[in-house]
Amino acid sequence: MKDVIEIKFEELEPKINCLDHGFVQLLDCMPRLIRDNEDSADYAISEAARTSYERELKTVTDDKTLIRYLMRHNHTSPLEMIEFKFKMKVPMYICTQIIRHRTASLNILSGRYSVMPEEFYIPAIDDIRMQSKTNTQGSENNLDEHMSDCVISDIKELCKKSFTVYKDFLEAGVAREMARGVLPYNLYTVMYWKIDLKNLLHFINLRSDHHAQKEVQVFSNAILSLIKPIVPWTIDAWEDYSVYRGGMVLTRYEVEAIKNIIDNVPNLYDVPLGEEVDTFKDIEVDSTLEQREWVKKAERLGWV
Amino acid sequence: MKDVIEIKFEELEPKINCLDHGFVQLLDCMPRLIRDNEDSADYAISEAARTSYERELKTVTDDKTLIRYLMRHNHTSPLEMIEFKFKMKVPMYICTQIIRHRTASLNILSGRYSVMPEEFYIPAIDDIRMQSKTNTQGSENNLDEHMSDCVISDIKELCKKSFTVYKDFLEAGVAREMARGVLPYNLYTVMYWKIDLKNLLHFINLRSDHHAQKEVQVFSNAILSLIKPIVPWTIDAWEDYSVYRGGMVLTRYEVEAIKNIIDNVPNLYDVPLGEEVDTFKDIEVDSTLEQREWVKKAERLGWV
Amino acid sequence: MKDVIEIKFEELEPKINCLDHGFVQLLDCMPRLIRDNEDSADYAISEAARTSYERELKTVTDDKTLIRYLMRHNHTSPLEMIEFKFKMKVPMYICTQIIRHRTASLNILSGRYSVMPEEFYIPAIDDIRMQSKTNTQGSENNLDEHMSDCVISDIKELCKKSFTVYKDFLEAGVAREMARGVLPYNLYTVMYWKIDLKNLLHFINLRSDHHAQKEVQVFSNAILSLIKPIVPWTIDAWEDYSVYRGGMVLTRYEVEAIKNIIDNVPNLYDVPLGEEVDTFKDIEVDSTLEQREWVKKAERLGWV
Amino acid sequence: MKDVIEIKFEELEPKINCLDHGFVQLLDCMPRLIRDNEDSADYAISEAARTSYERELKTVTDDKTLIRYLMRHNHTSPLEMIEFKFKMKVPMYICTQIIRHRTASLNILSGRYSVMPEEFYIPAIDDIRMQSKTNTQGSENNLDEHMSDCVISDIKELCKKSFTVYKDFLEAGVAREMARGVLPYNLYTVMYWKIDLKNLLHFINLRSDHHAQKEVQVFSNAILSLIKPIVPWTIDAWEDYSVYRGGMVLTRYEVEAIKNIIDNVPNLYDVPLGEEVDTFKDIEVDSTLEQREWVKKAERLGWV
């Protein structure tokens, strides 16, 4: 089969360690073999997209431009032609977040079949985050070092205690499915996870976002690192266009606010030399939260 | 709107308590209003099924017969026309099992947003099950009463200890998303769950089965009780035809074994009076597990 | 059941005629009964969303604000708690476009079971559109009246001829499943379609967009009209925030271009009175198509 | 990468011609590279299944036995770890049947973007089937040769006529999206189709079944031929256990009927020599259709 070559995994099943005991390992992808005049697996996307237009576009647009067009216009069905399979070791509550992404296939270590291994996620000393004051679901800053030390030793002690009780239960003959009830939520578990590129990018959009729990960001970012060399053009386009990355979404009110500013530009010519003008305009909404969101976007757009 | 009536929920949002603190509550269903010449929501299934045949079958088959036909032949897409919405309080590890059923919609109490309530599943004294010797994933029989007592008090103590640590963490300012890591897996959580009848019956097939963990059977059976008065014809048909209920699936080898027995019947006439014959035949497979499965089915079919 | 009232369907199953013989009919929705202190079905969204935060947010945010927040931040899982069921009569090729939206339940009139009715979509005289020169998949302007007349009479003739052949085949005893092969793609078919609000809004985003085929826009807009009185707050929020409606998405390059303009504002003070300045800036990309897309957005943002 | 070998596609992208112009081509599968001590892609199933039991079962059951166990007990989630990608040319109405299987990814030749090629499915002379008298959705026997000849020439003439009108429309400038409305339903289209093994076997269960339209059986059988060498153990198990293949499903009434017969066996010893006894028993249902279904199964089980 001399006219195909393998996707260049740097190593057979590249693996990135995450947190203290976790990891993400790329077990497989589709396509795994590519034509030797192709650079990456990206071709499988443009190839499928061209089905829609058959003869028409074939000569007009090259693969990279086509993929960028698809990404910019949210024509994402051809992205489903790429598939990835991972093995991951993650804390239970990260696993639960992953399972919520329903368009994926998975097999998870079962506490009914197996004795769970004694591995818990113990945060590092500089990673005990405090509850955010402004964001009900978020965290911010760290506890001071002394407190963090106490928290970590409490976590360790509780995990150890829980696992001892768990083992005692098993020894007493309690069914595994019942005994596991005492194991804490930061226990590590192992899962196989197979997902197509469209749904994986949606996952990364949400889980590499700074609003996501930091622990899941670690895994999401590891996944991103693993797939980037396999579909580089797609990832580049996604970095440029996704509103979770380089792009930005404006609401009707924000469009209106910018329009008001631009419409007002001619008036700026009359401003006396040396005087400063703040061109920024509020959006016309009652919600202070929405107003604050606009301010953040306005800063990225150049207003100070 | 005089020609429709409400689906007769016995009460507004009927609720069944499960385990010590859990429950299943039927919040809503679709259809909720039915024509007043209809007895149940079953009509929404036959109505949709008839779309396929429009004029043709309308007079031939009545609704009940049509539904039974659909169930017998696994033509289940019309079952998707019925939708149910539940509120449930379940232990975390039951929640994880429920999430695995991907064709459903759900919202779950989030340990990132909320302080989790102090409610844990503590098994009853007569429900501490032992690990099954024959079934790696199952349980069987109970621990003796004294041991069960010890197990329960260990569970209670550990849960209490965990929750104290959790509250201490929160008071110290640790982010909720991190603090929850010490909470054990038998913590109760609350979820909204919306699912169509086709996928719900698949759930019940698997989760009311005697191989399922007993705790999830409790919830699955509660769900079944709640939907049965709403789609009685469908549930009747399912009880008669599902291979997880009254039906049975035979493998190629089991079909062959029965055929061999039936073919052999004429020879039975020659059996001397008073002599007994065991007509049972093994199936021709190497696997002893598969052989044992056949024996169990054969017993249900009348062989002893 | 005095504390609930029905969702106020203006009539029992409101119906909007589409094209010449088509229609969309709203058969049912969930919730269908709402509490009498509620105005609309929107409450089912906020109710489910609150599960995530339980106690925390209950008093802070009212329902409308919460729904707007969810829509703005693309937290769309609670939208899945609303379900709609439609009956539609559509041309076959519109049906195919509808089926492509996979997260929905459907039953379609089957040409294997039933004799298809003789109903074809015949475009109106002022709706014979020409192939777009700039958009390979689009149409623009109309054929002149004389040509349109010819086209219509050709369509009519061909449909008539096809249906005669079809009927002849059936009379000769040919199986319906084979005979249907001669029927043209503008034949009407009938379908039941059940879909949740999240997936329905995605459908409307794509199919009410001006890039969509005009015939499917007609059906999509009809659907929108039917659901708007049922979930008015959600639709309002969607009109304000969806990038397919009042909102807008900016790429990394467009963010950069606006930033360059804003950064340049102080220089405007030095512009001699009476002189005009064009503040518009190109984006830094090679693709002329992408440049053109930016120009269109820039116009909406106030640049001329 | 010396410790992996390629999946042995006999040729790079094996292709089976179907009907007159159609085909199924296997473009890719996952896994595509297998370890050199593995014989087939089946290993990816057992590997994922073992995640659930980790240490426990590893030594107990070999891969083939494990896969057979999974298939027998309908534990099909590990089958999702295998993925296939096909290119297919199919008549439009077969395409519609394929799209109905929602858990798959696809891209289809678009009549909006492209001028459709002039290729129609014209049945062969010995394949013009008659409408079944007993099965409203089925066909049986063939028209006589003369009639078949007429039917075929009518189909050809109509297709030719339709395509001429279509081309005339395009030449007159009518938008492709409108012009396609006159094309008949037996027009060929081209699609990419990516689906996992679990969902593909469900497709084959339904579409290779003798109740399916013969034309879709042709494609389904071609697909089966293409995947069999890649996952031979799984296909073997499926042939033995699927109730659409070697297996059989019994209803509650059929289980009861067999039990009645077996219970009655001792009475057979009293039958006078030379006398024949019909041991067969009806099932206790009103439906004659259900009774007939039992008779068919009883025949397979040895009763005449």
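We just call them A, B, C and D in the order they show up, numbering each chain from 1.
The working rule: a contact is a pair of C-beta atoms (placed from the backbone, for glycine too) under 8 Å apart; a residue touches a chain by one contact, two chains touch by 3 or more.
Note that the structure is a prediction, hence the values are computed from the model and not measured.
When the CA atoms of chain A are superposed on chain B, the rotation angle comes to 180 degrees, reported as a multiple of 5. Relative to chain A, the chain whose mean Cα position lies farthest away is D. Annotation: the chain B:chain C pair of sequence copies touches via predominantly the same residues, more than half of the used numbers being shared. Between the Cα centres of chain A and chain B there is a gap of 34 Å. With centres taken as mean Cα positions, chain C sits 37 Å from chain B. Distance between chain centres (mean CA atoms), chain B to chain D: 29 Å.
Of all residues in chain A, those touching 2 or more other chains are 53, 56-57, 110, 113, 136-137, listed in ascending order. Taken in their complex, chain D has these residues touching chain B: 53, 56-57, 65, 68-69, 72, 136-137, 239-241, 243, 245-253, 255, 258-263, 265-266, 268-273, 275-277, 279, 287, 289-290, 293, 300-303. Those residues of chain A lying in contact with chain B across their complex are 91-93, 95-96, 99-100, 102-103, 110-113, 121, 123, 128-132, 136-140, 143, 147, 150-151, 154-155, 158-159, 161-162, 165, 168-170, 172-178, 180-187, 213.
Interface residues of chain D facing chain A in the complex, by the touch rule stated above, are 1, 3-4, 6, 9, 12, 28-33, 44, 47-49, 51-57, 77-78, 80-81, 83, 85, 105-110, 113-115, 117, 190-192, 194, 196.
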